[in-house]
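These are the structures in question, set out in turn.
In the two complexes below, chain A is the common chain; its partner is chain B in one and chain C in the other.
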Partner chain A sequence: MPIKRTLADRITDGINLFLLLLLSLVMLFPFYYITAVSFSSYEEFVNTDFLLFPKAWVLDAYRFIFDSKEFIRSIGVTVYITVVGSIVSLLLTSTMAFALIRKLWGQRFYLFLVLFTFIFGAGMIPTYLIVKATGLIDSYWSLIIPDAISAFNLIVMRQFFLSIPEELHEAAVIDGANDLQIYTRIILPLSKPALAAFGLFYAVGQWNTYFTAILYLNDPSKWTVQVILRQIVILDDTTNTLASAAREAARSAHLPPPETIGMAAIILATIPILIVYPFLQKHFAKGVMLGSVKG
Partner chain B sequence: MAVTTPLSPEASNKSANVKAKAPTRSLATRLYRERYGFLLLLPGLVFFIWFRYVPMLGNIIAFEDYSPFRGFLHSDWVGFKHFARIFEDAEVIRVIGNTLWLSLLQIAFAFPIPIVLALMLNEVRNQRLKRLIQSVVYLPHFLSWVVVIGIVTIFLKTEGIVNKGLSLAFGMDSIQFLQEPGWFMPLIVLEVIWKEAGWGTIIFLAALAGVNPTLYEAAIVDGASRWRQIWHITLPAIRGTIIILLILRLGSVLDSGFTQIFLMLNPFTMDVGNVLDTFVYFKGIQQSDFSFGTAVGLFKGVVGLVLIVGVNRFAKKFGEEGVF
Partner chain C sequence: MKTNKIVTLFAALCLVTGLAGCGGSNNNSESNTASTNNAETTDSSNTTTNKTNANTTTNTTTDNAAATTTDKKLEISSIQGTWASPLPDPAGNGAKMINEKFNVDLKSQFVPYDEYANKLPVVMAAGDLPDMIGMEGVDANFVKWAKQGAFLPLNDYIDKYDAIKNIPKSVWDAVTVDGKIYAIPNYFPAKYGKKPIIRKDWLDNLGLSMPTSYDELKKVAIAFAKNDPDKDGKNDTLGLGLAKSIVYGAWMGAEWDSGWYNKNDKGQLIPGNISEGFKKQVTLLRDLYKEGAISKDWAVTKSADARKDFFAGKIGIYYEQPYDISETRFKQLKETNPTAELAVIPPFTQDDGQQGFTGLPGYYELHSLNANLKDDPDKIDRILEMINYFMTFIPVDQRNDQNPEFDWQHGGVGKGYNMENGVALDIDGAFSEMPETYLGIRYWAPTDEDTQPAMVLQDPFTKSFVQSAVDLLKNTKTYLDPVNRVHSDLLYAKVSELDQTVAEHTTKMIVGQESIEDWDKMVQEYLSKGGQDIIDQVNQLLDKDGIAGEWK
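Take a look at the complex of A and B:
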């Protein structure tokens, strides 16, 4: 039986929806504006007060970026750590999550070790010193290994594994399978959607790596795309080679100004996220709910 | 037949012997039987011990004059000297003040927004529209802080679109948003709201999805208006979730989100914007004052731990569930 809606109800609904759509526009506008300006020409950028709809769409800024070795190299580095890092993280997280559902000797203790890290962290400097002592400084592994397992993802993944019927494990044990075989033959094939979701989530984390890169990588030729992006967009000063070169070049040859180059760089650094976003959103919102409502 | 009866003295004696030996032997057999499980556990366990627990022990350098050349085993012990420095140093006091002020602003402004947003989304009847809006408001969560602050920088520059707009619409002089100390904290909070408000609604929406729809039907029969339904059914349904998240937030009042603040700081805003997290980085890593940096970090961690345990107990006393 449909419930009768009063006029007041409909007005409330209308205002509510209007506000939410307005909010959505606020969320989207920066993307639109930055995309639009990144495609505008030098003359139009300099001469227009309020550039919202570029008349001529040009690729100068993108061409400039693809000509600069620095940015392209940083993309390469980031792709590498994203791929390797996600695989390593997924492997370590899934094996441990699986081990934590098998009733191993001392299981509660291992679980406690993981959960305690939620409420007490070791601190930046001791962690830095351990990473240094491990010999990872200036190695790409420093961006992968020290944060390989997210305790939160681990717990959510364990929760997911627990939802797989235990009878399947038992049947496998009767057939003579050991834990290693249960993990590879039963758990992993049944968890493909979950693994894809966590893999994407780790991948986004790696793609966005900034802090660990400035902490552990001293060699600028190893910097990730986020570090280079900060140089181009946020610092935008003479100490940074790309932006000042851009300004010089722009002045002399009417090449793209640093502003549009910065915007193009933001777009390029964000595109991978936008591509995987539909998958991320669908799977991970569910995963977060699963993990959080339980707690 | 040669089968001994179960009650024969010899047999029962033997089984008693087996029982007495059982614990040690079964532990060994058990560990052997579970060896593949342990093989799978091992890499993760090593990770947690080496990168999470050994650094916790490494905090002892806060009680030393740590020298990287002598190592933490051979550096001189100085007791609480570095902790005393925390309270003697005017800069640290100011940094603690900034940290608390930022947390207060976050709890007052950024914390309630996802709740309001979740309530608003929950009222949308059109499911497709609701999902579309959700997709849009979740998106900024996946962007890096560099991208978010890059966008903010572009918008708020002297020649940026915001200043251009203000001057076209109101004839205002351009405002140096990024250099003006007064704008630092409001911008930090606004950025957090833009990036995380949508994502923060997920947990509340999950709680709301669990509400029994017959409650609403009953309320409508009783003549409750929309606002009454929200007040008496919807809000109580997410009360537990709100309190748990508030406890967690209070437990981390000294955490400020290193990356965001670090990226927003510049020489003009250092006095009002430097917080404990960034202070530890500048002192400990950039100036290599390892022991002092660690002392400040440990102070922060311990206060956070005490707060979270304390607030949790407090919540339980008032009949709430608490986190643990």
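Take a look at the complex of A and C:
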């Protein structure tokens, strides 16, 4: 039987609805604005204070981007490191989390080591030296391996694994399963929500790879889309007049206006990861909750 | 060698798993070792990695090299920042042309300037230093590294090279640390930096004349905001384009801007932003703000947005330079405002009778050499020879396909550039075709006038503006700020923080949250927080080296 709703209830609902609509508008609006600008002509962009409905839809910016090898190539690079990086990260995180739920000798010590990295990082230069010493410079692996395991994700995933009843392990052992089989046949299938959630975390992290790409990759043709994006988007806003002059000179080729190209590039670089999101979303909410709240 | 084992192991792993992207890692670790330090490591890494390419440098120390130097192919690595986008391909055609002409194997690495300041220190700390290190300007890092001996002192070498030798002393001073020259700067005209420009058609529309003092400037700017200078019947114009942190303000001469021109009562040079002259400028801006002649939002406006508004025809006074500019914005202004005319506002007469703008340091970007090259005179010579070659000035009227040097440097007509109306125009995105891209060296113009920036422009409106600006500036004096020529560690360490505080105070003064009467209090704060120490040190350095501000 439906609960009868009082007037007060309905007013509260109405206010809630209104506020949520407002909130989503606030969040969606920048995207809309970027889209509108990316399709507008430079003349219109310059002469309109606040461009909402471009009169003519111009495709110059998109044409420029699709004509430039760099952008397409960098999208490819980013897709590659996102897919490979997420898989590697999930594999390493889940195996380590699995190891850390067992009552092993020195388990506390290893947990301490993991927690230690929460507070103390090595810093840029030591990390660079290690990446260099292991020969990863200029390889895509330099973007994947150094940050493959996030200590936070590891702890949460371990917590998730701990919530799987210990009796299941024992039963499996009695049935003759070894550790690897327990991991692949019992733990992983039961942890799909957690894997989806952390997979998404890792994927978004990899998709946004920017600084490490500049640091570890010397060959510009290997740069990720965020690096290229920043190069395209960055507008002349500097107090150093010489730098702005040089930037201006570098721009002086007959390109479409940087503003609209920038906006178009943002749209193109955001869409792929947005597409992935809805498919993982239902696992996502569930997985994060399950990991953190113990029932 | 534990490291090598790991590398080999890793490489083997990559081969086995056949994962893409790994090949690069192996290659690079090798080229990195090659570029670092002494010849010994270079040799060993080259032999162990078993490169088939016989051309790669083997800096074999089996000497008596003197006779064979020019025949020997040298590997030369470089790292430099760039604003170019896309970045030049390290293996592009231009690089190949250089390799052939100078018998080298050039390994250039380009990094966007946005991140270069982060990357370079890491590379330096890791000991990865290439043979040539580019920087955007002299800063605390440059001085530190020079003092630590990372760069090669060049004093003994430069006299052999005609173009390099001609760099004026005021610029050499900028790259000199403790009497040693540590870098070769690139040319940039001191005269042709950002200058205040005004909509001359607006002046004419309102029957006003070119301002010659701050009082007149104030009247003009207010009239621009209030009297509908563009005659469109709408109240949609502003007098002066101002952006946050007071970029660019209203610099109408050396006395009033942020360069070190004014002196305190002890006779010491002081930074412009705490001088009486600057106070005058801030007072003007405050008045303009009160009258609505500058944007109400200026304190949060980016300079790029202020410029956009100027070129959309909404602002009467802004800053632009006649050198190294893009024609797009000018064309845009002329299309939307067909009657637009631009002119540089001539500098105002100062209280001391002088009249002129503060100039730029006279260089932009510099290249240092790795100190480890000191035992390899062949390589030093080869690098300087290349720099000298690319620095040798080609007069503007000879920059065409008839001049073989120009043609070669630009990658050849039809490939790197096209000839249009007798002017060489770069082909879009053809950076990688042009040898001149790869070393990042620019022609050193004998005088600023020799640059003739109007000659290379196509758009008639831009061209006429640039020409008129150059004509005006030719007969205008330029003040060379001496602070660019000394290296004060206190200045490097503290000045940006102090400047920040001053910018905050002056911003508040302009918008009326703080009284202009508090100016002296602000100056005291600046001085007591370390400003006086900076002033003392800078003046001491200037006295020691006998450097003074000069008008050119």
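Rule of thumb we're sticking to: the second predicted complex is superposed on the first by the 216 of 295 C-alpha atoms of A that agree within 3 Å, B and C clash if a C-alpha of one lies under 4 Å from a C-alpha of the other, contacts with A are read in each partner's own complex, and residues count from 1 in each chain.
Criterion: contacts are C-beta pairs under 8 Å (C-beta built on N, C-alpha and C of every residue); 3 or more make two chains touch, one makes a residue touch a chain.
All figures in this text were calculated on a predicted structure; none of them were measured in a lab.
**Student:** Of the partners chain B and chain C, which touch A:E43 in the superposed model: first, second, both, neither?
**Tutor:** After superposing on A, A:E43 lies in contact with chain C but is clear of chain B.
**Student:** Figure out whether A:S68 sits in contact with chain B (first) or chain C (second), or with both, or with neither.
**Tutor:** second
**Student:** Quick one: chain B or chain C, who's touching more of chain A?
**Tutor:** Residues of chain A touched, chain B against chain C: more for B.
**Student:** Where does A:I34 make contact in the superposed view: on chain B (first), on chain C (second), on both, or on neither?
**Tutor:** In the superposition, A:I34 contacts chain B only.
**Student:** When the two structures are overlaid on chain A, which partner does A:D9 contact: first (chain B), second (chain C), both, or neither?
**Tutor:** first
**Student:** Return first, second, both or neither, reflecting whether A:Q159 touches chain B, chain C, both chains, or no partner chain.
**Tutor:** A:Q159 contacts neither chain B nor chain C.
**Student:** Output check: A:F211 vs chain B and chain C. Expected answer is one of first, second, both, neither. What do you get?
**Tutor:** In the superposition, A:F211 touches chain B and chain C alike.
**Student:** Would you check which partner chain A:S150 touches, where first means chain B only, second means chain C only, and both and neither mean what they say?
**Tutor:** Touch status of A:S150: no partner.
**Student:** Identify the residues of chain A that lie in both the chain B contact region and the chain C contact region.
**Tutor:** 124-125, 128-129, 134, 211, 215, 227, 230, 234, 236
**Student:** Would you mind writing out the residues of chain A in touch with chain C in their complex?
**Tutor:** Within the complex, chain A contacts chain C at residues 42-43, 46-47, 68-70, 80, 84, 124-125, 128-129, 132-142, 211, 214-215, 218-222, 227-228, 230-232, 234-239, 241-255, 257.
**Student:** Touching residues of chain C toward chain A in the complex: what are they?
**Tutor:** 3, 6-7, 10-11, 19-29, 32, 82-87, 89-90, 109-115, 118-119, 121-122, 125-126, 128, 136-137, 188, 193-194, 245, 247, 302-304, 307-308, 311-312, 321, 323-328, 332, 335-336, 360-361, 364-365, 426, 428-429
**Student:** Which bits of chain A are touching chain B when the two form their complex?
**Tutor:** Going through chain A, the ones touching chain B are 3, 8-9, 12-13, 16-17, 19-21, 23-24, 26-28, 30, 33-34, 49-50, 91-93, 95-96, 98-100, 102, 104-105, 110, 113-114, 117, 119-131, 134, 145-146, 148-149, 154, 178-181, 183, 204, 207-208, 210-211, 215, 226-227, 229-230, 233-234, 236, 259, 262-263, 266, 269-270, 273, 277-278, 280-281, 285, 288-289, 292-293, 295.
**Student:** Enumerate the contact residues on chain B facing chain A in the complex.
**Tutor:** Interface residues on the chain B side: 27, 30-31, 34, 36-41, 43-45, 47-59, 61, 117, 120-121, 123-125, 129, 132-140, 142-147, 149-151, 153-155, 159, 161, 164-165, 168, 194, 198, 202-203, 205-207, 210, 217, 220, 225-226, 244, 251, 258-259, 262-263, 277, 280-281, 284-285, 290, 293-294, 297-298, 300-301, 304-305, 308-309, 323.
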